[in-house]
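Listed after this line are the structures, all set down as structure tokens.
Across the two complexes that follow, chain A remains constant while its partner is chain B and subsequently chain C.
Then we have the complex of A and B:
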């Protein structure tokens, strides 16, 4: 399994939660804090390193807030 | 282990955050167009025409030349730009209020003349910017701020199926309908947008991609429910599909 991770630009995020609905491992959640716009941004919770960098969360994001990385591509 | 970027903001989008509501699929379609422009390497020769409606500020978001047309007149402006600069790639980005109400004449005649331009048509079944009033594309029975008891077809008539209408024009080369509700349908929409731009580059005639979109704010649904509503209700009245694909476009695939 490929290893990956995502970087969420919190200040672009509007907390629409669509990314949380498509992650195959349920790793994307809504944070408990607010961003500069007043939205609760999405955040990656991946303590076991399950993210594969599949890009699904980024592909449904309407705000291009997610950059996806994969190791050893 | 070295890590590489496998998904990032396309070059054809600026860094400006959009003004669209949370969960609005305008942002997804903007990105798809930008990705296609990057992929085809046509950013320096592409001209977009922004509409009136929620996407009126699209010129702030596309990192390319974008002109702003009077309400509904984007296809007329695109016609002029393309005819004097045939080497450019010209596309219009229009919502259902712009394209299917005030601009119906322009789009029908641009398609009928076979103008070598591309139109990306966002159908979200409501007037978004002005406060959620009934659009020509509002579904029968759909509640909007101007149809509080649901659209009554005896009074307000029936919704317009734009892709089917445009597909009847002889000048159209590529007319399809897609939606952007999940990663698979988004990928399909991107392919259609790419083919529409390729058809223009190959000088095959008018191309239109209708995209069923969501309007969570005016529908009174959360973004996830809104996408489900698109799949369950909009796709039932507006079936996805390829309504006109001339043989020359098929061979581009």
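Then we have the complex of A and C:
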């Protein structure tokens, strides 16, 4: 499996939670802090490095707030 | 025309630009901020006026000033900001100048939160500020409708020389949807002999909302009421969905109307004869049409994102001739279609619910 990670542009996020519903490993969650607009942004919780960079979260994001990095592409 | 994907706030902003909005004054507030941000970019590109005021009070008074000068002008805000604008709105209405105000409602009361809600219904449809007045209130359910109603708002404001509002909410402001933006020729606006354009070579115009002494102000009030009667006669708008053979009719507007529509489709699939009556003009409220619709049905279910505000208008429209149920969520909580469906099911099967 490829190794990947994501970078979330927190200030673009409106906390709609769509990304949290599509991650095959359940790695994307809503953070406890607020962004500049006052929404709780989504965040990657991946201590075991399970993210494969599959891009599902980025594809569903209506606000194009997620950038995906994948190793060795 | 090609469809493009847009965010609600930006779609409303672009619609206003295409409708020929010449000046925008506003103050940022979530969940409306993208509207102001879009205007800050596009209005400047087009050589029109964009100004971020120091407060909502200031913004609405700038709108008042520009409207007096005959400009096509708007502002946008969200609930707490809309409260701050009430004084200016009352002045604008009394002065009989055209302007458009977008309210992307959030949870209240107080500073509340930034989630979608419909708690400003009373404030928007029953006047809001001091004095005897109402303003036209248009309620979009989809982004396409938000675009079309924004364009309509400017024309109605001109037609009746009054203030027109859009009652949207955090859902409409934040969702993204494919929309079609109409290409509009330079807008046809009525003559504005009343506008303050410089009195060189003509009698001077005076625009004011101060009429000392009793009789002059009564005259203004009578004229305002006359205009409101005209609006009630001409501008009632609503949408109906699956009303054929419906025994339970849900009455809902805006985001709630959209959730209700999905719930009704599912209810029909279950064999429950449900339908939707969705007012588009919250003022003037479609009292007569709703009364007519209610004559052929057994139950009404009013669904709002508040404690039951439009509910009062539904009681008035139908004079309580049939059971009127209410389902609402407050404080920015948005129920799923399944929750509304459950309410419809309760009414349909009395043994399952209270009735």
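Please note the rule applied: the second predicted complex is superposed on the first by the 73 of 73 C-alpha atoms of A that agree within 3 Å, B and C clash if a C-alpha of one lies under 4 Å from a C-alpha of the other, contacts with A are read in each partner's own complex, and residues count from 1 in each chain.
We take it that a contact is a pair of C-beta atoms (placed from the backbone, for glycine too) under 8 Å apart; a residue touches a chain by one contact, two chains touch by 3 or more.
As the structure is a computational prediction, the values presented were derived from the model and not from experiment.
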item	value
Comparing the two partners chain B and chain C, which touches a greater set of residues in chain A	B
Touched partner set for A:62, first chain B, second chain C, both or neither	both
Touching partner for A:38 - first (chain B), second (chain C), both, neither	second
Contact residues common to both interfaces of chain A (with chain B and with chain C)	14, 16, 39, 62-63
Complex contact set, residues of chain C against chain A	7, 30-31, 33, 113-114, 174-176
Residues of chain A defined as touching chain C within the complex	14, 16, 37-39, 62-63
Chain B contact footprint on chain A (complex, rising order)	3-5, 11-12, 14-18, 21-22, 39, 53, 55-56, 58-64, 66-73
Chain A partner contacts - residues on chain B that touch it in the complex	1-10, 13, 17-18, 20-28, 31, 182-183, 186-187, 216, 222-224, 227
